[in-house]
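Below is one structure; the comments refer to it alone.
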Amino acid sequence: MAGRNHLYIPGPTNVPNEILNAMHINMEDHRSPVFPKLLTPLLQDLKKVFKTETGQAFIFPATGTAGWEVALTNTLNPGDKVLIYRFGQFSHLWAEMAKRLGFDVEIHQEVWGKGIPLDRIEARLKEDTNHEIKAVLATHNETATGVTSDIGGVRKAMNAANHPALLFVDGVSSIASLDFRMDEWGVDGAISGSQKGFMMPAGGAFLAFSQKALAAVETSTYPRCFLDLKDQMNTNKDGYTPYTPALPILYGLRKALDLLQEEGLENVFARHHRLAEGVRKAVAAWGLTTCAQPGFESDTVTAIIVPEDKDARDVISTAFSRYDISLGAGLSELAGKAFRIGHVGDMNDVSMLGAIAGVEMAMLDNGFDFKPGAGVAAAIEYYRSTAN
Amino acid sequence: MAGRNHLYIPGPTNVPNEILNAMHINMEDHRSPVFPKLLTPLLQDLKKVFKTETGQAFIFPATGTAGWEVALTNTLNPGDKVLIYRFGQFSHLWAEMAKRLGFDVEIHQEVWGKGIPLDRIEARLKEDTNHEIKAVLATHNETATGVTSDIGGVRKAMNAANHPALLFVDGVSSIASLDFRMDEWGVDGAISGSQKGFMMPAGGAFLAFSQKALAAVETSTYPRCFLDLKDQMNTNKDGYTPYTPALPILYGLRKALDLLQEEGLENVFARHHRLAEGVRKAVAAWGLTTCAQPGFESDTVTAIIVPEDKDARDVISTAFSRYDISLGAGLSELAGKAFRIGHVGDMNDVSMLGAIAGVEMAMLDNGFDFKPGAGVAAAIEYYRSTAN
Amino acid sequence: MAGRNHLYIPGPTNVPNEILNAMHINMEDHRSPVFPKLLTPLLQDLKKVFKTETGQAFIFPATGTAGWEVALTNTLNPGDKVLIYRFGQFSHLWAEMAKRLGFDVEIHQEVWGKGIPLDRIEARLKEDTNHEIKAVLATHNETATGVTSDIGGVRKAMNAANHPALLFVDGVSSIASLDFRMDEWGVDGAISGSQKGFMMPAGGAFLAFSQKALAAVETSTYPRCFLDLKDQMNTNKDGYTPYTPALPILYGLRKALDLLQEEGLENVFARHHRLAEGVRKAVAAWGLTTCAQPGFESDTVTAIIVPEDKDARDVISTAFSRYDISLGAGLSELAGKAFRIGHVGDMNDVSMLGAIAGVEMAMLDNGFDFKPGAGVAAAIEYYRSTAN
Amino acid sequence: MAGRNHLYIPGPTNVPNEILNAMHINMEDHRSPVFPKLLTPLLQDLKKVFKTETGQAFIFPATGTAGWEVALTNTLNPGDKVLIYRFGQFSHLWAEMAKRLGFDVEIHQEVWGKGIPLDRIEARLKEDTNHEIKAVLATHNETATGVTSDIGGVRKAMNAANHPALLFVDGVSSIASLDFRMDEWGVDGAISGSQKGFMMPAGGAFLAFSQKALAAVETSTYPRCFLDLKDQMNTNKDGYTPYTPALPILYGLRKALDLLQEEGLENVFARHHRLAEGVRKAVAAWGLTTCAQPGFESDTVTAIIVPEDKDARDVISTAFSRYDISLGAGLSELAGKAFRIGHVGDMNDVSMLGAIAGVEMAMLDNGFDFKPGAGVAAAIEYYRSTAN
């Protein structure tokens, strides 16, 4: 089909041509004396995106899923208890991973559409007077429901409970696009991936760990090798890697960090908020609602609930086959009930208006009832009133 | 600014990544025995886009402006009379070129917004009983006004006048996106460029000449060298070029021809018509008019007339600086009075909806009076009703 | 420094521009209905490179190190005994990994320069009458020493011992460049990576498992998640992946498989042999020896032993800093004693002559004693006499 | 054939991947307010490569052949007398162009292998007391014979004759790789192209003209349009172009200029000299001679004369088909008598050693009589003794 596919899934996101070019490189010797000139600044600058000065950043030639595993297997011991609030497919998958890896996973079910309940987590941690819970697993941005949790609040709850558990955060679809403050919020392990806010293809897991977490690495007896943090630390300190690095990921990250710095992280966050808000205005104009309940709306992805007599899969299918738009599907219990518009990464106003207009066509084709152009009009008015 | 610039000028147009990749090549020896395997099929397949079997295609490492010059200086003699109807900036420029090159240029001014007047050209040629007019210069698609002329009609007029002049056609912004039939319409020289329907960067002039025109090349005494057709013919016949070819242009054209063939030329034309029609529905919904008068509307570019109290440059400037959309300016006498939306090349429905929505924002910001979303709504309804 | 760096390390290898272009892509939805059209043929065609019809191929967005881990943790149970012959840095690292992952690793030290001793492995397996050994780990091509082992011979030894252990083979630096016959040799798990014979950047682990190994996956209790084969099987069967795939790796592999098929696998093997043989002729002409003992020479990498009064690191350093050539270092116990020339991947005669000439300069600069040009002359004569 | 084609023709030369990436761009509006930020510095920085402060630089979307034409048709009047010394295919072609364009061309034949005879040009100009000669056309580096002329000497001869003719220099295969000093040498028009020292694909003609030449542009009556300098001046002054620019050429040039500046022009010249000298050492070791006579040897290309009983075309053909090396052919009267090794652009020692070794193979295959490795040995010794 002629014309670019219009990609509005919440990852992989649109990769700027500059980043693709930066990844189009001749190979080089990763054991050469000049290789550290690439890796060392990369690890330093990556810390800025996590907003950590005291922590340490890591790059694995893998994906965000591997990042989840790194956090668990490098800091905990087999059978350790971890606490997780589950409110979407990705928090579900992380919980499942922890179970499969042999941890004692205490799962609290939260309604899909809300985030981590701060009061209840505080209460639960207070109950844990023996400090059996070794880690809290928190999904910052639940990509499946378009919900953002208050990670600073989680830390406050932990502090209020005076609980020593480690705080691990899935920031795959938040870091580099939503405000994230590792040091300020007391995050012990933050996990991100290349294919969302970093605007790169998948294939890089970007992580940061606090000194407290790194101390736990020393004592963890969990078997691991490919995803071992100590191997990384031992080689990264001299600017090298424990095994062959994925060079395009490193060079792509160099460019991504440069682009983020050039725009300014706070401007990046503000842009994502504006773009998301425009989408939400359109949703309201269509007479629909988001999966996210008020106060939990994500600025990187919006899950839109369709009327009960509709199947969201039809919207996605029509959008893809008739209009070459890729939307995110409703996952698991949202299958058929919601579709998702990603507004993360290399996006601007007109990108989102294309998405909104395209979604309108797909919904109208499927008999949705609203005035054509209503969503676009609402978004236009919002974008105009907030443009620089 | 984050997010892709949204490019809606009528050239250069958006280059598909596949074509950019095809141009990202290691250099090679253009005198090697395998080079003809690239060039010879290219010249053959190029003929299909011009729809000529009896003519011959040519590639110059230059631009469409050079293509205009090739037609004039290779077939005519200094001082020869040429006839041109001028109805926009590009027909104006071609006429000016002919004057500067020392031809006797008879210019007939036509209103900007209409194309070549078939009745008047027939009348004029009938008057030319001595056949002093050696060539008719016809602009198929006037990019400045968004007007398409009836080239088949021009040929009929010439035939009705039984006039032997050569028919040269500027198809820079039509060929490969609008229906063009060199043999059927009796075109003697057709000029196109890489940066419009061929979806490539500028840097390639693509031409085709009839046997009648090629016979004229033999007798033309006009001095020329870089743009000489005989040098091309002498080397092209063995699969080579008279001087170093621009290899990326050749490899890009290979991919462009493959993409055009894959979609099917008739489908390409139909797609352009649909996209253009959607834009025109939006223009009407805004309460505005196109520069093109009924029956002359171009399917590759629409020039939109702004109300008298507005300056179209403000729309363009706002669109660019606030929303990262590039629109075409009104040229020459249309400066300030019109802006242009290009819908040529690698475009689809959502591309155009982005353009329309973005233009709405820029117009609203400049105090245009219409209901926000009106243009998008009109286009949505049209695209939906005509989508596959 | 001007001019391309001349890369002769045994991985990452030179990536053909066609593959880099194939990886330079717009992102797409990996859950779209067309995604299986990419993945399913890829997995099928990958099997051909492993030469397996009965086995199943897998792609992980990770590196060869991860591939080693996949084989161990998906088929064995914690504490299972594995047998490995260690004769270089990479067999050493695989053995270390197995220990770290909690397996009972029986390591037999072999001299660096030889491969797996077929008689002794047969004898050892015959002793293991209780079949405590669950897997034999065999390094097909030891990249550190430039030694190739006889994997078909290992299988024969296992058969002679009538031993049911699984046979896992590290083919990271052999598969797609050296003859490898998974089915014929009875390999149960074969591990390769993208950055050697596949001529891609690192970032892809390519694996194949026999039905016997896949049956073991069903019963293995080893905890795993990111590197789980069952998750792959469950999603691959429909053309999808368990988590976000690294799209550039998939598209790069598509092109790599096409290139391998175009050249023909047997031709690829023959080319590697010829290139390697030329290097070995040069080594002999220099009066030096390879680390590999006769009969064990690898066709993808040659480790060259320097005289006792020389430090191989000086050769490598001079080559890199003065002549922009990247050579492989001697690893671990070969540090300073050997340097390595990689001749794997996208290489031809002149590539190798550049390597040989460059190495001559670096050796002469470091006081090596041989007639300048001697190595090149020997290689020239060999290449000439064997060229097509 | 596997492995990179080894390209040693004197243009197009090897394009660094960084430049190819720089040319892999999204299109943009060449009439936007930000476009001058690209073009204006480009034209300024281009002047540095020509070493002119008082002159003006120009970029045409065309090739060096067009550059020749620009110089002639923009500054002279039809029928003007021009003086040219012909000593190779490219000086021949320029002379032929001047004739075809209607100038009165006085051609002095010089032996192929020598450059412009300074004494004779001075004598001839002194004879021209009426100053009928309006321009001297001087080929700085004759690519066909590998001969460099003394342009500073030509200017001295003109001054000695007190002759007011314009001095136009073909620097296509010299500028950006050989020392060139426009202002110091009093060059009035210097012509270069993108595909040699600028390390880009063909498609850009890069020119510089002195104020004296620009004054002549004002009075020239020669008809021209596509290649008109005044159109360029009128638009370049504001940062724009008279017609659609070839954006990849502009962005590629930006990167090329950055690379040249990074290495340092004088270092670039020194590198070319060293590389060339190594090739010449090899030629001598083979017992062969260069077409260039002593004192005229070019540092960008070497034409090597084969023994009378050999045909140089066989060497080229064998090199290409058996070893994937591209050499330059002997042109015109050198056809069969010479082959050429280009050593211009993005080259270093090992690149040249590959060329020399490859050429050895091709010559030995064709029965040339020399000791295998002799040429490589000679080059090795030279490169080693002069390396940094």
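Per-chain residue numbering starts at 1, and chain names A, B, C and D are given in the order in which the chains are listed.
In this text, contacts are C-beta pairs under 8 Å (C-beta built on N, C-alpha and C of every residue); 3 or more make two chains touch, one makes a residue touch a chain.
Keep in mind it's a predicted model, so treat the numbers as computed, not measured.
Comparing chain pairs A-C and B-C, the larger number of C-beta contacts belongs to A-C.
Ranked by how far their CA centres sit from the centre of subunit D, the chains are topped by A.
Distance between chain centres (mean CA atoms), subunit C to subunit D: 45 Å.
Averaging Cα coordinates per chain places subunit B and subunit C 53 Å apart. If each chain is reduced to the centroid of its CA atoms, subunit A and subunit C end up 35 Å from each other. Touching of two or more other chains is recorded for residues 4, 14, 17, 21, 24-26 of subunit A. Only residues 4-5, 7, 9, 11-15, 20-21, 23-33, 61-66, 68-69, 78, 97, 100-102, 193, 195, 201-203, 223-228, 242-249, 317, 320, 326, 329 of subunit B touch subunit D when the two sit together in their complex. By the touch criterion given at the top, residues 17, 21-22, 24-26 of subunit D touch subunit A in their complex. Residue ranges on subunit A touching subunit B, taken from their complex, read 1-4, 6, 14, 16-17, 24, 259, 263, 268, 271, 322-325, 346-351, 353-358, 360-361, 364-365, 371-374, 376-378, 380-381, 383-384, 387-388.
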